[in-house]
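Each of the two complexes below includes subunit A, the first together with subunit B, the second together with subunit C.
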Partner chain A sequence: MSRLPITKTPKVYVGGAFIRSESARTFPLKDAAGNFFANIPQCTRKDLRNAVEAAAKAGPGWAKRTAYNRGQILYRLGEMIEARAGELADAIRLGGASEAAAAKEVAATVDRLVYYAGWCDKYEQVLGNVNPVASAHFNFTVTEPMGVVGVIAPDEAPLLALVSLIAPAITSGNTVVALASSTQPYPAILLGEMLATSDLPGGVVNVLTGFRKEIVPTFATHTHLRAVSGVANAEERKALKLGAAESVKRTHLLKAEDKTDWLAASAQSLYAIRDTLEFKTTWHPIGA
Partner chain B sequence: MSGKSSQAAFARLFDEVGTVDSVGVEERVAKYTTRSIKKAAKVQGLKLAASMIDLTTLEGKDTPGKVASLCQKALHPHDGLDVPQVAAVCVYPSMVRHARKALGHDTGVRIASVATAFPSGQAPLKTRLAEVKAAVADGADEIDMVINRGAFLAGEFAEVQDEIAAVVTACGDATLKVILEVSELETYDNIRAASFLAMRVIRENDFIKTSTGKTSLNATLGNNQVMIEAIRDYYLDTGIAIAMKPAGGIRTAKQALQFLIAVKETLGDAWLTNARYRFGASSLLNDVLRQLEKEKTGAYQAPYYFTEATESY
Partner chain C sequence: MPTLTEKKTTRSGRPAPELIFGDLWEYDPAPETADPKLKARYDLFINGAFVAPKSGKYFDSINPANEQKLAEIALANKDDVDAAYAAAQRAFDTTWGKMPGRERAKYLYRIARLLQDRAREFAVAETLDGGKPIKESRDFDVPMAAAHFFYHAGWADKLEYVAPGHKVAPLGVVGQVIPWNFPLLMLAWKIAPALAMGNCVVLKPAETTSVTCLKLAEILQDAGLPPGVVNFVTGFGETGAAVTGHPTPAKIAFTGSTEVGKIIMRSLAGTDKKMTMELGGKAANIVFDDAPLDQAVEGIVNGIFFNQGHVCCAGSRLLVHEPVADKVLAKLKNRLKVLRVGDPMDKNTDLGAINSREQLKRITELVASGVKEGAELYQPPCKLPTKGFYFRPTLFSGVSMSHRIAREEIFGPVLSILTFRTVEEAVEKANNTAYGLSAGVWTDKGSRILKMSTELKAGVVWANTYNKFDPTSPFGGYKESGFGREGGRQGLLDYCQLT
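Moving on, here comes the complex of A and B:
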């Protein structure tokens, strides 16, 4: 007896729940051979707004977790991905990647999470300071997470690049609203399912799918986003920087025209963690 | 009073004022959330909502300073947005004179005070009436009272009405708002019945109000609908217009617009004024300001761009 196929409805992971776009729109995703694969949520600026609300709500709780606990949770996310590596590799192969390249990307993604998991309780020792001052003060600089960070992922390395942009931001206690690749969104949909089972509190990472043209301008203007990091073309960079100037947010934008090698060791760095930190310097009087 | 006679009392009252089709009400109010209100209509609706807010702080930790800053916010919600002043500030009786000092006498913002042993109402009637008189003497323009839910649920309707009538007298010229505390009335039928009991003893333009904001379930579109339909039916019967105040749980501009839609479609434009409809809310004003700023600039706003919201409703 033949069985009807049970196909999965792709949904995006926002605020700890799997949702469709508020607009109810979807766009068809085709595999590299041009065959229909699935309908992907076509998120809107309102979905971005809702995701930012969710991220803002999750922020204080996440930042209050101990650094050690954040490290454990990031490592756990790596474990979740490792366990479903085959499925993720298949998702990456939809875009035409070879079997070996897809497996390599998934392995590098897990390694990247482990890398940042390790940094969780160590970056403060490296980036924080006791500053020498010429008075009777104990002067020290400590770091604080910025708040809600926007992430705009490129189309190449749809899983690895996305995770490479999200991980350094959440390492320090920021929360993230990410826009996945428009052409290869399926790995990001699967990543949402792993985020949901990784002990990461709902709302800490929110992943949207959709068209850059519709959503990137709102990343630029939304005043609640404290920073935007990602990959953008010249036109998007201009819009993002203008919007960021208006709303006083930080931007870390890689040029889409420079092909970034996401597999390289240079794609992970302590400085990527620093990019979404605020530094606070305190003068504490030393008793005479 | 035995259970049986209270049942009989409820049966008589329901027979008199009618019961509520609860499935119909839920269905009706679900439709209100599907209206699309954008751009100019949205701005107009948000400004109307702002003008209807009873900006509230009802906490044990209230201080004269906190009330003074609440009053400042009531007078000047935000710069550069052309937002009207809110309708009133709502405070505990001990804070009324501090609110009067902060607002002055020549002001469009009224002072409402919860009295009658808010939120439980569990004090002797004499004490409750004295509290009302003291609040009015201190300068309250409006009194928010709670009904005796215990007496209502026991079917002792005359006692409920007598107490409300006594408070009406104690109010003098002050407007009265009668809090039914819908979460403790349990059914839509009871909410409708309690609305009628209250409306029959209060004056034109006095209010009936959903909740104290101190229980788990507060104003919902469903409760609001039952009460405004009671107001409509009472008005069609008697020609007396009673005002309405949902309170508690209305935190977003979107919710406020949905309540206004309910009012417009049930009671009509005559109730779309702060003399006849109010929102008891503390954080709603900030969200309204946030949405107005978004309409003006096109950019979604961070909540911390606005002065701190009070957090009691």
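Moving on, here comes the complex of A and C:
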């Protein structure tokens, strides 16, 4: 008699721990052929709030890491993914992607992390500067992370899009609460396991699974999220912007209908890092 | 924390006697007399020409220093705003949007030079219209406005350096709404970067301060700026809503209160318009015990009484290190005794008129709340003019974080004084606000300045100085003080799209 393999219980990665939804709800995930694959946590607004709390707690420590250190940790996340590329590709194939397409998405994800890892100790040199004010002051502009950033991933490109949205935010020291693809959540579950082994402090990236309709409204209204970036349809964009107005939250939303090509070079940019930065200008008199 | 302050005594061991010269002599009046060259009536500026409003209606702009009518201002309605946007779009499509940057630059240089030529005239007009002391409009507002045009002019042909790695393109037409505290300067902050980047503009000034905006229209004509590149529509909130709610602009840039900023954000939620928001503030000005206290007191006074405190980045919360709190308060009271409050046109005036009756009411109401909530009020016994809107420079000591005067933006000459014991407490109190526009730090210790400037959640940090501005220096807030920057390379990027 052949051995029956054990299956993994999918859990989301929040505050450095693997948890089920506080609601104890799950939803069944089927593979491309329509067979039952696993039960995925159906996270709630309360899970989002808990995740924001974890992200807020992790924020100051992560922001104070040296840029060199953050760069190495992002690079290590790439190492973790490369090592488990096959497993991730299989997870992507659950959604019906071809073997080649899935492998390509994993490879692009690793490359994207390497790209942002390299920016950690460079973006400041490109985006900040000294300003030649017309008075006897030394005046310089530096960047700072905004704080906790909400990330709303699209349904497609379940690994690459998610990482492409998370990476620029954490490059500068933000912490992230992300909502994974609703239709293809399993790659995000695996990503959590790699985040956990990448030296990234717990709470820096928190990934939730669940339904957009249930969670997106809380991304809009939660005042501790200082920015929301992601992909949203027209109705969601309006709701997110309306909610953002209440606390002057920054929104950077791609249109779901534009079908972003996440493999393209244009899907990675210094200016995606800039989107979750604040600029701070300091003045000091020059004198004896 | 060690105290670096030493007790200053005279050779005899007694404290030095205090000398306050303020009341010893009567000052002779020193009125500025330059002609502001005002027209009795100002029309809208659309498509390069002054045009009557479609409604045929005008409203009065008064001089807040004496409540006398200064000029009549056209009241723009929706149709006028339509016409302004149509002109702007046409200008973008036919002239400005196609013009090489080096040519756009020359127009901006011209505007800067023509404004410098007429600087005194503009300063007088600004003071008459808004109530700010002539020494401020003359030495700050107008020269700084000219500097903004001059600075941004030079960018117009160097845009490939704005966003390394990307080409940039203008957004198209932008709608801009500005406040009444620095009418001409805010206009320059808005228009100069927009034009340098190749955008065309529809701008609405505040209803109490439209005069210098419309005077600048004369300069735009003299500069030969192509019609429609800049359009001014004047009026009240309804006109502003027509400007921000119009379908044409690709971007709305707003400076004003957080309350109105949120209304605009909500109204644009269903659109793809870009926005920049420069909103309110409740800045902490933090004085440590090792600070040069006399300089700090000057900085505190400048921080809160500059422009009657009508400054979004005003240092309206003074956080004083406990060991020097009494000393700083005593020095501040003495300094307040010699501040001259009164006729804004007098060259010796330190505090001019409050911008409007409405604003005076708001300040009065908030000050009453401070008294009611138990903070200790101090106002110097200066005489105020009988006509016009004036408010005495005001200190509140014994303020706690929960008081309204410690939380709400007063936008007037009112300083709330709190104390702290440790660096951590100072940071905690300073950041404990929904705002995050600016902050001040006074200390002799370099490492502490850098720590504070890192920890303070504010877009501008003034260390051992306060209320300094420059076209090269990005300005703008964290949190509910808004987003986007004005000035510098960072400000320009908010007026373009990456291609």
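Definition applied: the second predicted complex is superposed on the first by the 284 of 288 C-alpha atoms of A that agree within 3 Å, B and C clash if a C-alpha of one lies under 4 Å from a C-alpha of the other, contacts with A are read in each partner's own complex, and residues count from 1 in each chain.
The rule is short, and it goes like this: contacts are C-beta pairs under 8 Å (C-beta built on N, C-alpha and C of every residue); 3 or more make two chains touch, one makes a residue touch a chain.
As the structure is a computational prediction, the values presented were derived from the model and not from experiment.
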Key: subunit A as common anchor, with subunit B and subunit C clashing or fitting   = fit
Note = Quick note, subunit A centre (C-alpha) to subunit B and to subunit C: the enclosed angle in degrees to the nearest 10 is 80
Ask   = Touching A:83, do we find subunit B (first), subunit C (second), both, or neither?
value = neither
Query = After superposition on the shared chain, which partner residues are touched by A:52: those of subunit B (first), subunit C (second), both, or neither?
reply = first
Partner contacting more residues of subunit A (subunit B vs subunit C) = C
Task = Applying the touch criterion given at the start, work out whether A:222 contacts subunit B, subunit C, both or neither, answering first, second, both or neither.
result = first
Query = Between subunit B (first) and subunit C (second), which, if any, makes contact with A:247: first, second, both or neither?
reply = both
Request  = Tell me which partner A:32 touches in the superposition: subunit B (first), subunit C (second), both or neither.
outcome  = neither
Ask   = Is A:284 touching the first partner subunit B, the second partner subunit C, both, or neither of them?
value = second
Key: Least C-alpha distance (whole Å) that remains between subunit C and subunit B when both complexes are overlaid   = 5
Ask   = Just which bits of subunit A does subunit B share with subunit C as contact spots?
value = 246-247
Key: Complex interface listing, subunit C residues touching subunit A   = 147, 163-166, 258, 261-263, 265-266, 268-270, 277, 279, 434, 449, 453-454, 458-465, 468, 470, 472-476, 478-483, 485, 488-490, 498
Ask   = Mind pulling up the subunit A residues that touch subunit B in the complex?
value = 45, 49, 52, 56, 218, 221-224, 243, 246-247
Query = subunit A touches which residues of subunit B in the complex?
reply = 298-303, 305
Key: Complex interface listing, subunit A residues touching subunit C   = 126-127, 129, 131-135, 137, 139, 141, 144, 146, 226, 234, 237-239, 241-242, 244-248, 250, 269-271, 278-285
